[in-house]
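What follows is chain A paired twice: with chain B in the first complex and chain C in the second.
And then the complex of A and B:
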């Protein structure tokens, strides 16, 4: 068959290009533009080169927020991944109870971030909240708006409550895809429950767990709404994570230049970490397959 | 090692089975002898795997008992029964090496390290994986993975029985032959009781001392390959064993005379006055084409399969197949068939009936 050359086919790509230009490229370049300039309002801009980047890299405030952010994401992963797997393992395998479980598990995922924050904010209040009241009646001092540790515990509890379901549902899907013969073979090989998990279930869940880890990492690294609703980043700067700090800088202080530089670095960090995550996991996968 | 006795065993996947149709496995009474190799043969969905899983303890039967030697194990777990089973699709532990896979059943039973190494080396050598012992199992091809599964099934030497559930389905044809031969020699060497489920008659007939033919949840016949071939107990056995299967033509029988398509044939046996729907069964291998003798047929087509030719012809209203040696010259006027009368079986309502040997029989009697 003869191939006809028709360059007009490129026209078909135009709608997508326009969409991507307006949704990503132009806004992004605006931010890039801001990050190299200073303004004193009135739409007057001055070129400052890499000044903002230099300043931010030496800013203690930014590094503190970055450290908090890493710690937070680490704790979230350390709790949600094992907990999610545990929930998935104990869920019923089939029948009506499995369906009920799945629906119940999905419910937290459907609640808007803002509402989750509000629910826990009220729940934890020492005067009217169920949790806060019970704790203080038991003689445990708990006050998320004054005690940094309590604020952390509350934000983590919120996130675990909100997102463990996602890990559990993904793991559940992974578990269900294991053919029954594997369990039968393990029974005949007299494998212990731990060995069944270690050598059958965990390896088979690996693919979905990689996705779960990546999703939960990226999402927790960008957390904003919950700590903002709970304490606005306080007490002090205790729960001021990167997003909260960024918003304070951009909208609170209206430092457009530094905020733009901050956004770009934030974006690059997430991109970088996710990329590293991904390549490491993929290469482990490959090297094991080749051995 | 043990003999396995099934006592009135039946299984249904429904909670309250009523009629016979509800049973995936209909009542069976049989003793599997110690140190024998059996094949469970039948089409897909006939209850082979159900029976196998009941023996291995993965399923609890709806009714009946199962005994290893004289011990009732109906309620015993897979572990207590101490059996090995190999599944249809390869089951390997991905994160382990080949060697660790083979050692897994032994390690779980807390065997001594020396013994484990010795057994693993031995089995690896047998299945031809001794060079791959340190490779990760997940990167291997399906063939090799299934070899590991087979190896894991055989690594314990104290098992009561080894069960195989269509283990060679995923294996390349040329390797099938090799592995089957290895299994057979393993059986001769160690003398484990082996039960091998398959829907492939070649596999069943070459592997087993005794073949159990199943159909629709029922055991139709248990016998040596020769018995199944020559004296099938049920028309299904005749049809299922052999390729093509046995020919069946409607017949009426009185004493030692059979009437087929209006012509009378003399039989080796005296069947008295049999009742029911009668059929005469004869294998393609025992029919000969001739010019003048026998029954007239209409030849439809001839297939050459290499070692011999199959002639498809119509006798009366029934299609029959005739096997002809490759070097026999077929002539156009060979329009009659002659049945080897010592190989004729008579079936009444699908079950084979035995006749009394007559004086002029050619020596074969049952």
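And then the complex of A and C:
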């Protein structure tokens, strides 16, 4: 049914506008201000125009962090989305076992980010961790704080551990909404398992999968606390992702100008990619509403 | 395909899915098991013997936390700002979500996307400006500062989820109520809110969750009086670095509130994660 036009609906939105403006627009303006200015400490600021942006676009450090970030988000999506779908397909459909699965799977999602880092720290360490100990007993050399490759594997395993359940829960919700008649029809047609997945389940999960991809992309692209606790961005700069680099610049070195310019470009990249996802999502919503 | 083959195939599928789900749950639970076990060990056992189960079962680590105010106040602080944030987010998001789900108005789509962009903003971008903003209005190191800062991502999320749930309520109900002479406020509080109670519960759960797990902003905005447990943990790691038992116990205690709230919303959680859109 079409929504009715009512301009007074604005009144209902005003509280949200005020609150979000206070916590978003005002701080954002500070960032914009800083990004065009330089300071020698104190409150003496002077205008430097696009200087910081020019500097950052030629900064190898930033491009390296950006490359690592893209690679990380790509690997995360490539593992978590298929794995999440597989887990959702394997979940019990109803009864007490389904409830237990739901509760256990949600557990990692509710653990504070730094505790997630701590869990993997004490799990992976060669001296006290179960994983580190078992691997070294098997004769596999593994040390996430020394070896860059091991650090990457651990950070990715940690994120898969932390967030795959989100994808699985979303897909599960999508699967539950498929009427039984669809499966009965497929059975009469003697459709193979793959065809049932390809032509019934996957299309019906399209909407929720878009949400999953959007959320996982956004959150993996701004990941900070978990790798910060686990590796501190190391060894060297191997796991220094954009947020870690930015916090180092802003709160560690107090390079306000460059950090502000960095922030704005960072935000714009996320915004741009998310806008594409969002537009696709809305059009899926609409096409489903028409069906 | 004859009957026997079909039966055999389905039994095989059943087993395969059981294997997958069991393996996945083990993968999730083993690291948590290791943390829990470690919290019951003494430091010498953690660093010395490698044991799958504590040989000298001890509650000393928990005792340290529960008797030291600088530790347990962290939990109290976290609870205060998380609750404040949940209440604020729901209060402002409910009417806004209703407006988005029921009416078209000037700029509605743009406004909705703009709200979402705040969910997409990296907290790292806001850490420094927030610090300056809340310091300048002398709210630094207060619970309300953290609660307001977390509204940045929780309010858009709350609007998004609630709008999804409200969309599922037929509009005829509103129209009938208005014809029956209900005013907007009375209709909203007496009829509409009870109807979407599960949606509100799920939204509260998500606000609780994302405020509870966040570290960067809550650490930046507090120093002593409102310092959350997560920040206290990181400080202790860097200061002593060796007290693994207490660190593990503190970690376990941060998992428990989450586990309790999940239990209450377990039947709606999947729909909530789909932002009410299934």
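Quick note on the criterion: the second predicted complex is superposed on the first by the 259 of 291 C-alpha atoms of A that agree within 3 Å, B and C clash if a C-alpha of one lies under 4 Å from a C-alpha of the other, contacts with A are read in each partner's own complex, and residues count from 1 in each chain.
Just so it is clear, a contact is a pair of C-beta atoms (placed from the backbone, for glycine too) under 8 Å apart; a residue touches a chain by one contact, two chains touch by 3 or more.
Predicted, not measured: the structure shown is a model, and the values here were computed from it.
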item	value
Fit or clash - chain C, chain B, common chain A	fit
Which superposed partner A:200 touches (first chain B, second chain C, both, neither)	first
Partner chain(s) touched by A:107 [first = chain B, second = chain C, both, neither]	second
Partner chain in contact with A:191 - chain B first, chain C second, else both or neither	first
Dominant toucher of chain A (residue count), chain B or chain C	C
Contacts of A:231 with chain B and chain C, given as first, second, both or neither	neither
Partner chain in contact with A:165 - chain B first, chain C second, else both or neither	second
Chain B versus chain C as contact partner of A:182, first or second or both or neither	first
Overlay on chain A, chain C to chain B nearest C-alpha distance, Å	5
Footprint overlap on chain A, where chain B in one structure and chain C in the other make contact	190
Residues on chain C engaged by chain A in the complex (per definition of touch)	1, 13, 16-18, 20-21, 24-25, 27-32, 34-35, 38, 46-47, 50, 52, 88, 91-93, 95-96, 98-100, 102-106, 108, 111, 113, 115-130, 132-133, 148-149, 151-152, 155-156, 159, 171, 209, 212-216, 220, 229-230, 233-234, 237, 244, 247-248, 251, 254-255, 257-259, 261-263, 266-267, 269-271, 273-275, 277-278
Of all residues in chain B, those that touch chain A in their complex	53, 56, 58, 77-79, 83-85, 87-89, 91, 93-96, 104-105, 108-109, 135-136, 138-139, 149, 152
Chain A residues touching chain B - in the complex, by the definition given at the top	179, 181-182, 184-185, 187-192, 195, 199-200, 202-204, 288-291
Residues of chain A defined as touching chain C within the complex	1, 3-10, 12-13, 15-17, 19-20, 22-24, 26-28, 30-31, 86-87, 89-92, 99, 101-115, 118-120, 122-123, 127-131, 133, 161, 164-166, 169-170, 172-174, 176-177, 190, 193, 207-208, 211, 218, 221-222, 224-225, 229, 242-243, 246-247, 250-251, 256, 259, 263-264, 266-267, 270-271, 274-275, 278, 285
